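Labels run A, B, C and D following the written order; every chain starts at residue 1.
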Amino acid sequence: MTEPRRTFTAHLRVRFGETDAMGVANNAAYLQYFEIGRIEFLRAAGHSYAEVHNGGIDMVVAEAGIRYLRPLWFDDEFDVACSLTDLGRASFTFTYELKRGGEIVANGFTRHACVERASMRPVRVPEWLAHL
Amino acid sequence: MTEPRRTFTAHLRVRFGETDAMGVANNAAYLQYFEIGRIEFLRAAGHSYAEVHNGGIDMVVAEAGIRYLRPLWFDDEFDVACSLTDLGRASFTFTYELKRGGEIVANGFTRHACVERASMRPVRVPEWLAHL
Amino acid sequence: MTEPRRTFTAHLRVRFGETDAMGVANNAAYLQYFEIGRIEFLRAAGHSYAEVHNGGIDMVVAEAGIRYLRPLWFDDEFDVACSLTDLGRASFTFTYELKRGGEIVANGFTRHACVERASMRPVRVPEWLAHL
Amino acid sequence: MTEPRRTFTAHLRVRFGETDAMGVANNAAYLQYFEIGRIEFLRAAGHSYAEVHNGGIDMVVAEAGIRYLRPLWFDDEFDVACSLTDLGRASFTFTYELKRGGEIVANGFTRHACVERASMRPVRVPEWLAHL
């Protein structure tokens, strides 16, 4: 994995609906935190995900990995730092680090493929993303 | 409200991800139970919701109401009885009753309008629904 | 319904994971928007919901109603105005108004009962809430 | 990774609320499919997760990985095969395979640690699980 070209940090708070009967954020919620992280990353880079999506290209998730290091409790505030770390012809990887205060509570990655929306066939990564 | 023309009952179980830090199914989960109830109702009536959706018509939710009578706990099994109770030219109403064992734990309704998918403009209720 | 004693407005954005195959925020997401609205209302009033919850009292949702007036699309920014409108001995009501720009896109209410967490038995509304 | 000691298969259908604006099951939904898979695995092995949870032990998710091979569309029926594949003193791993018809649409794993619920401190894997 190469050095991140760019990092963006979004600030979130654990919603009550994201907790489960263990009293902590459900493991599936983290993929939503990652999703928000990369959407805000793209927005900060000047490209809203809505624009990408409406342009007929979708960035489908091909693979995801998460390490849960510390539980997140209801109402906890935390940051999602999202970096673009790997960029190929038709796929790219975002990595994520979740921090509460100075403490890393989780990290992970999502690998994405670009597809034409109608056909779901792979297409090249958009130019602007390749030049971030 | 007129007599239900037809009722269909779906059997569900509370998922762990649907619970919240109170240890019970989150209040928002009930709208998903209702949604599953009406989708299974339509399927039982011979019309999959996927078919409706792909046909260019969406049955948007215009209004919803829920009464929470008893909490639903993780892993509880329950039934969602869904009935078509009101049917106008461009809208219709489903009512729902959630039962765990013989006990009613919640009830409610959703009122729907039919819209053309692309424009989101109101259209008439499909013939087949009007004749259920 | 009496005049609202107090109103608080939270600012949100439709998350991608909250949309459904219709391309808009799923009807169940609105109950989560309401939940965030009332949690922020309580925080603004100086009482975090976590504090209430940890104090052994839960404010269970006894009833909810939602009117969906305009669809909310992915990435739409909107405000949730939450007001405490009715206050009885053991229950109270929040009303909500969702606005995108100047336009009301949805409104609704949730009626709550206070219960002792362990037993789920009704208890009186906390003093501080009664004096908001 | 050792040979699975035991496999259990749960049958599911993509819910409308699990889809997103791409028209397919949202990437986060897969962790809920996994969760349902392992809960049904434990039930088939004679141990409900509710029992585990109520017994004061939680099986927290320490790590998760997912490979998304083919999209799942609304209303698609699919199977979640869950296997217990690795078992240590204080942690164990479930692997998952999602199949629609004969086709593998996704696979992945979750690694779990056993913790005492109140303190969130690690404890040994229960005897019965070690002997599955």
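As a convention for this text, contacts are C-beta pairs under 8 Å (C-beta built on N, C-alpha and C of every residue); 3 or more make two chains touch, one makes a residue touch a chain.
This structure is a prediction, so every number in the text was calculated from the model and none was measured.
Any chain bridging chain C and chain D, meaning touching each of them, is among A, B; the list is complete. Graph distance from chain A to chain C, where chains that touch are one step apart, equals 1.
The interface with the greater number of C-beta contacts, when A-B is set against A-D, is A-D.
Chain centres here are means of the Cα atoms, and by that rule the chain farthest away from chain B is A. Over half of the residue numbers at the chain B-chain D interface are used by both copies of the sequence. Each chain gets a centre from the mean of its Cα atoms; for chain A and chain D, those two points are 22 Å apart. Here the CA centre of chain B is 28 Å from the CA centre of chain D. Centre-to-centre separation between chain A and chain B, using Cα means, comes to 32 Å. Residues of chain C found to touch two or more other chains are 16-17, 21, 28, 32, 35, 53, 74. Touching chain C in their complex are the following residues of chain A: 15-17, 31-32, 35-36, 39, 48-50, 53, 73-75. Touching chain C in their complex are the following residues of chain B: 21-22, 27-29, 31-32, 35, 53, 58, 60-68, 71, 110, 117, 120. Across the interface of their complex, chain B is touched by residues 16-17, 19-21, 23-24, 26, 28, 74 of chain A.
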